[in-house]
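Labels for the chains are A, B, C and D, by order of writing; each one numbers its residues from 1.
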């Protein structure tokens, strides 16, 4: 027992970003002691400042590898880049939330606090160096998201989304937990480094208890990233939850889940990757196929985007299945690109929607071009980016992921990825058809692009194109996303 | 001025994009501005592209006007470059693009009445994509242009097309992307194979030319590339998107589609499939040639059966592009040069045909052949243009179509008399359906009173058609001076690459990181190679297929990254060095690739 | 010997109670069976030298958590919360049982084949293994960060409950 | 001393019971209780392994799990109560606004 009870600054620096974000969340809660008008107005700004401030510890640590709190948490290139992705996700979420929660009458400061708590959990997930931290951070982000999905608490759809998400999410957590228990038994430790050592030095590698544990952990995290066959909650939850929350979790929860998957499987189980690579191969292929094929049949844009997010989880899994450094870098780049194009698409959904979550049928986008050319053009950019056409970040992301997989000689998986992309072109193109090639309903009024929402749209669209034209810098950064091997 | 001449190609590529962006940022409704601005841009771009032609030095095989800048680094190496240039093959296609774009803009003057801002911007952005495809010397850059170009075309058909435009445009984009996505996989795979052989990550086209491939990999990659190009050409039976797209597209879209986009397929065969996968290309000549000939005859027969003029012209494209493909796959100087001339000629004559169809459609709002008859009486000028274009399309001597078809048939005859005979029958069929079309529309009595007093071509319409017709004559009369002379060296080099005789393509100047020349030694048989002028490093990395051999032969260290097994490294064939020539005898060595040894 | 008897008896009751939780119709009965299950586990924890955890099991799980469950069930029971009689997913039910049995078979096979090769701490168990002192010390030293993170988690839950159930803003 | 494997088998039995419960039952409260059963089976495995390994990590983990479970229960029941307030059913299959 030679550890001090008092955390040192060096320890705090490792988890600096998440601490700052969580502190900002608590500040928002404290601010509610002030008159409601002030606290409501202040909340998004506090949240934004907190997220911006979280970049300070990230730049301080850079890509250096540091551990903290007796090896509970670690920061490295991968963790810092994932945290940056999450912080940007948070900033954009605030950008399109302000308008939305006012319109839907959800304007409460707790909204921002919960978003920030969720982000801190997600960030912590990227930094977890111990299975206990994986479990805890997963719970922190999950519970925040359960509440956020039910935030429109008078809306039956939102309530049900919340209930379904909660039940299936806790179900998945239980799998994760049991998996951790088995790994604990099989390896004798729950620290990722310790597990890697046990696998490397002892006969633990072939112990079925350990392998079963790894499998159950994969199931638990697979739920979070909506990998097939654990995707069944996604469409209902995405459709029912408030749009801004859906947008947030479609990127944030996915990023966090992949961060944990990558770290756990590449560090702790890195030496037995021959055992899990085929399984991941199959899951990635299934996820791409199911997500894209089912998306074709959707008539509601929220459901369509839900299936599309399943499909994109599949592409990210391709990077993970490659199980090489290029794959990890590709995963980070993909999430960064996906964050802009997907949040942008959701921002348009929010803009084009009407009070009470109405106007989410794809047909209600008829002639959007005539009602708001800017938003339609931006949506066009996002759709082509999600379909993976150049010159957009979506293309570069797919290119990077496919490159990583081909480097690992996974030709079959890449061909599946390419063919499913073709399927996705169909349903994304359909949205552009509706927006540009049909006339609006006679009673459809023009839509004005409002303040912060408009800025968010412009930023996401510009970033999507920027990443498609000059991805070099982010490629380079993503190349630094190395996961520290114990 | 210095920058202008140094960056002339980049300016030609990106000026239309910049102009398109300016148009998009302008307030809507300024329709006169959009028209004039885009037309002037088109003319200026054409003017700027002329120095590419006048300054082009015949006799140089490699690309000229080369510009390069590092673009994206990947896996710690400067793998992706912005690298453009034109050689004897791409020069004419770039010029064709810059020439047809202002023509297409002018032809839309009155035809496009809605969303003009977006229309002209799309056309200009499309021009950037098309020139980029032809000028790119980096596979990655090529792919970006190749795909990005789809988006404006998609909107051109989908937003300003006919009643069935949505179906047509979705079909167009899905067909095209089906091929190109698999091509992307093949491109990346080639990138890694090249890296494994040389330790260098690069998408540079001329470096990749030398990549040693196993037989299976070569056939698969050839298949992926060929599929993408065959859809674009389109080769029978992948042509079904074409009639729909043509019929629904607005006139300008049809002109660009027929004039330029289809050429990307045949250009792709010539630029990528042949030199990158010579053995597979050679082995599959019968297959591709058969498809091309089927296309020639099928296109002609189906065209004959059409009532819709636009559909007829669309099917005639299938036939004409069959000629081009056939010519390319003869691997003969006549066949390939004929193919290139035919590409340009088809761009001009079919582009003009679509313009003519568009002009008559604007007057009568129908494209049904039976609605016309005796138009000559009302529109003699129109009739004259129509006649010239028809004859060019048929291939009358003295017009551009003749040069291309004649050369292709000569080239095909060298390979097989049967190919030549079948292709020639296609020429006859073309004459039948085109003349029949002309006769039914222009001659005979005026049966439909609506046709009686149609206004003849306006000044603008004459301005649209006149330059096209002039070029048709020019190329037809002086093919050698206008085209063949310039393309000779590049075409010869391509043939050499395919035949694996000489492994040393001209390199992009001043690019020391381009290590690889093609040595193209695959298959069984005796090979001799000219190693004159090969820089040591080039030789080493190029000789990966039998690295050890090379090092023995000219006494150098083995390559730091020896080739993988099965890529031709294992059996060391006997080697003789004879002055500048290196003789390898593969006759006894077992090789898994099918070779085209001559 | 004593441990074996305890294990067999308590294990049997725990499994029976667990099955009962899943099978009985009335949620109140389910909750009570769950409490039985929790108590059995608490005793097993004691047997396994985990005094502190055993105490928590009774206090937190059986005490606080289950009371909350019962409270909510009672609260909602008024309007009849029972499952509808119809069973729209009979096929799913069979499938679920098969799936569960498959999972069980797998885990059992794994446990039986892998248990022999589990890494072991070796040596005898210290006298105070599992005592509140030792667990507490560990909690406040090595595990101080997760411990603090739990407090954030509880805060989130608190905020969440207020957000979800407070009647007016 | 009972071998650790026996405890693991017991915990596997309980875990499976919980899984089947979640899949078979439609009443969210019972589904939720089945999840609690699963969590507890994991706890049993942790404690058994902790003794086997002579390490207290497993017991600390159980402590954390209990706290997490408490938080989950609070939120989960709050969701159920909120739904019950707007309508009188919480049978998952009765929730017909969306497809399950």
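Remarks
Following the convention adopted for this analysis, contacts are C-beta pairs under 8 Å (C-beta built on N, C-alpha and C of every residue); 3 or more make two chains touch, one makes a residue touch a chain.
The model shown is predicted, which means the values in this text are computed figures rather than measured ones.
Counted by C-beta pairs in contact, the busier of A-C and C-D is C-D. If you average the CA atoms of chain B and of chain D, the two centres end up 64 Å from each other.
We define each chain's centre as the mean of its Cα atoms; on that basis chain A and chain C are separated by 30 Å. Each chain gets one centre point, the mean of its Cα atoms, and the points for chain C and chain D are 6 Å apart.
Work out the mean CA point of chain B and of chain C, and you get 69 Å between them. Within chain C, residues 107, 111, 115, 118-119, 121, 138, 143, 146, 150, 153, 156-157, 160, 164-165 each touch two or more of the remaining chains.
Chain contacts: chain D has residues 4, 8, 15, 18, 32, 43, 48-49, 52-53, 55, 57, 60, 64, 68, 71-72, 75, 79-80, 82 touching two or more partner chains. For chain B, the set of residues that touch two or more other chains is empty. Checking each pair of chains for touch leaves A-B, A-C, A-D, C-D. Contacts from chain B toward chain A in the complex involve residues 28, 71-76, 143-144, 147-148, 150-151, 154-155, 158-159, 165-166, 169-170, 173-174, 177-178, 181-182, 184-185, 188-189, 191-192. Residues of chain C that touch chain A in their complex: 106-107, 109-111, 113-115, 117-119, 121, 137-138, 140-146, 149-150, 152-153, 155-157, 159-160, 162-165, 169.
On the chain D side of its complex with chain C, the touching residues are 1-10, 12-21, 23-27, 29-30, 32-34, 36-37, 40, 43-44, 47-57, 59-60, 62-64, 66-75, 77-82, 84-85, 88-91, 93-94. Contacts from chain A toward chain D in the complex involve residues 132, 135-136, 139, 143, 146-147, 150, 153-154, 156-157, 159-164, 166-167, 170-171, 173-175, 177-178, 180-182, 184-185, 188-190, 209, 235-236, 239-240.
For chain A in complex with chain C, the residues that touch the partner chain are 1, 3-5, 7, 11, 15, 22, 26, 29, 68-70, 72-73, 108, 110, 113-114, 117, 120, 124, 130, 132-133, 136-137, 139-140, 143-144, 146-147, 150-151, 153, 162, 182, 185-188, 198, 202-204, 207-212.
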